[in-house]
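In what comes next, chain A is part of two complexes: it sits with chain B in the first one and with chain C in the second one.
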Partner chain A sequence: MAKITEKTRIEVREIVLAFFAEECEADKSQITDNTSIIKDLDGDSLMFLELIEIFKKKYNLDIELKTIGKYAVKHPIETIGQLIEMQMLIIEHENRLLELDK
Partner chain B sequence: MAENDIGLVFPAFITDFRDDPSQCVPGFNKLFSEYLEKASFITGKELLAYSLESDPMQLGELSNQFASYIYSCTCTDLLLNSGVRPAMIAGYSMGIYAALYTASAIRFETGLLFIERAYHSILNVLPQTRYGMCGVIGLSEKDIREIAALHNLNLAIVNRNSDYSFVVAGSSFHINVFQLKAKEEGALHTRPMATAIPYHTGLLSEAAKELSETVFSADVQSPVIPVISVLRQDRISDAARVREEVVNNIFNPFNWFETQLKMYQSGIHVFTECGPSQVLLKNSKFMQGSGKFVRWDSLINKFL
Partner chain C sequence: MTGKVVISGMGVVSSLGYDLETFWKNLSEGKSGVRKISLFDASSCATRIAAEVPREFEEYSRSLIKKRAAGQMTRVTRMCLVAARQAVTMSGLDFDKEDKTRCAVIMGVVNTGNSSVEKDTSAQNTVFKSMTNSMPAWISLDYQLLGPNFAINTACASSAYAIAIGMQMIKNNTVDIVIAGGADSIINPEEINGFNALYALSVANDPPECASRPFTAKRDGFVIGEGAGVLILESEEHALKRNAGIQCELAGYAITSEGYNIMAPMRDGEGMAATIEKALQNAGVDKTEVDYINAHGTSTELNDRYETMAIKRVFGEQAYQIPVSSSKSMIGHTIGAAGAIEGIITVLSIKNDLMTPTINYTDPDPDLDLDYVPNVSREKKIGIALSNSFGFGGHNATLVFRKYAGN
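For the complex of A and B:
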């Protein structure tokens, strides 16, 4: 289980914002925690998948995509803030993510 | 950007219009309208009523395929006229017709004929069951096969876009059940496709036989630009292979991931999607070293 530091938190946030700014051709400074990924940015699940792959590589994560999918069914993501929080949980708990619901 | 590393890819359907190319590509509207008029005359379809403001999903399946083909042919005419010389091309699913037109293997009219004949052949032979297709993201091929086996679903994986992105076809009922079960098993997303035809499955083998009568009597030439087969990932080098590919494409699964990878490994480092959106670009994100995607209208402006 990885320990989430303030540095990690800043890093994850920066990666997510930069990713959506580039993918969705949006102004990074306009993306906030409340920005809706679908309604405001026209984002989609392939972007989510791509972002997961980025984090898996960066933090050398041991997590199956379907574990994230199962978690996301119970905890749907609509905003950038929710996505950042979920990425944090993924980094922290990896394949034990579903144990959070027990 | 070197001229010899540009690859063109062609979508099968129009799902949306992101931008209006008439604003930045001189001549687009005129050529697109001319092709619509020509296609309407040939097919007897009311394609003239179609415009870039139309909702492509409301067009109906056949008209959507026509519109997609016409849009792609317009793109490539403008690209070639501006001096772009693609080194390799490939058509995603029914995007094959526009790819073959671009390679001068078939004429514009022949592409329309193939599209129409394929569609009607399929309707003639398909059993009276409702069919569908869906995209599934976040599950592996093994996961998909296990779900199908566990729930006795008669489904076919008809395309692989990446290790975790597939297209599945079967009866509507089985597709609907599959989508529910796939979500339960951790799929990040499932998306029904706007088609009632199980393309690329063995269910269409009889339709392919009907289509082959048209294909084998049509004027088909060897491609002048290398076309990569989405079925076998090799080069479609002569007229006989073009005919074979058009017929086999209807009822065989394909592999878009491997096709784009083959193009990349053959030296294609710039991919341009000849269509109104960037759906194939999204699929390519998961290839290692997938190269750079440049919008077709941007490519024209670079060469003009």
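For the complex of A and C:
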């Protein structure tokens, strides 16, 4: 279980915002925690998976996509803020993510 | 309900322009969109020419489609979406004011163009780029439409089939509005070598603009074109209720199959003639009313011979009084998009009372003796016009358009 530092939190947030700004041709400064990924940014569900791949490489994470899938079904993501929180949990708990629901 | 189906919007992307006005101007002036192939190095191919959509279209489409979505589409899919947006804009439709469950999208799609020529294909977008349902799907996503949404593949008749099925869905009251059309490009080495092996393509590479010469003695195969054509079909009642600018009436159609051969049309144009006959019956149009035929006119030996025979078989002596022209002489054969693009040309011909020519008509074939509107456009009052589409595998379609008498 990785310890989440303030530095990690800032880093994750920066990566997520930069990713959506680039992919969705949006103004990064306009993207907030409440921004809807689909309604406001015309984003898609694949973007979440692409971000996971980015974070898996960056933090050398041991997590399977099916684990994330099972967790995401119970905790659907609609906003940027929810997505950032989910990424933090993935980094922190990796393959033990589902234990959070027990 | 009047039971009539009308066309309230059209959009086109082609070698002769990617807006309706430029496209029509170039066609009216008898210009050719055929050039040396620039999409890949065709020097080793027997055919080295095609009617490509201008390169500037890329930048134009990128200004209309967001990067994320554009990256999940092929160049051809982007052509389709741009043509659809043009058509919707022209129609004046505001889908937020419509019952979206009664809005359909039907596209003729032979392939999506995800060939070796397509750029930036990766593991992550290859499925999206290859899905043959992607074109209607992207259109419905664009407008959040909730009605029937599907692709039809009947080779070169695909988008004519899409229009025909769309008309039927309106007539049987399944939907009020159909976005119908198609897009295609087979300008890639695999398809060109494949069609060359079937002796279907012209190899008259020099000069490129003279290669497509339908109905002439020197025709030696079709020239590949690419592009997209999209029409907005509506019930007349619906269009009138929202004061839409009605471009034309889609009066009838026939879709048939020949059950004969995977490549060759039925002997003496028998299947083509049956299709034209059925379309006239479906439209309730008398043969004497037909003013113009936009031919399938591929510039192949068999099509042009049999299509001419079919027209004579249906119309008898009157066939000599009906001008017949081939748009493929200018824009090449756009395969899955041909039915829609040529349907649009037929509508524009009716609207403007102007028949676009068969260019490169310099060496008449003595066996083919109809009026092919040689080389220059011609004015004529057009009340009823037909558009023919005939595909490999024996898929035939004829659409019947009528000048709209109302607004």
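Please note the rule applied: the second predicted complex is superposed on the first by the 102 of 102 C-alpha atoms of A that agree within 3 Å, B and C clash if a C-alpha of one lies under 4 Å from a C-alpha of the other, contacts with A are read in each partner's own complex, and residues count from 1 in each chain.
The rule is short, and it goes like this: contacts are C-beta pairs under 8 Å (C-beta built on N, C-alpha and C of every residue); 3 or more make two chains touch, one makes a residue touch a chain.
Just so it is clear, the model here is predicted, and its values are computed rather than measured.
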Which of the two, chain B or chain C, is in touch with more residues of chain A?
B
Give one of first, second, both or neither to describe whether A:25 is in contact with chain B, with chain C, with both, or with none.
second
Return first, second, both or neither, reflecting whether A:46 touches chain B, chain C, both chains, or no partner chain.
both
Looking at A:69 after the superposition, I want to know if it touches chain B, chain C, both of them or none. Which is it: first, second, both, neither?
first
On chain A, positions contacted by chain B and by chain C:
44, 46, 50
If you look only at chain A, which of its residues touch chain C in the complex?
22-25, 42-44, 46-47, 50
In the complex formed with chain B, which residues of chain A make contact?
44-46, 48-50, 53, 64-70, 72-73
Using the touch definition up top, name the residues of chain B that touch chain A in the complex.
137-139, 143, 164-165, 183-189, 282-283, 285-286
Which of the residues in chain C come into contact with chain A in the complex?
66-69, 124
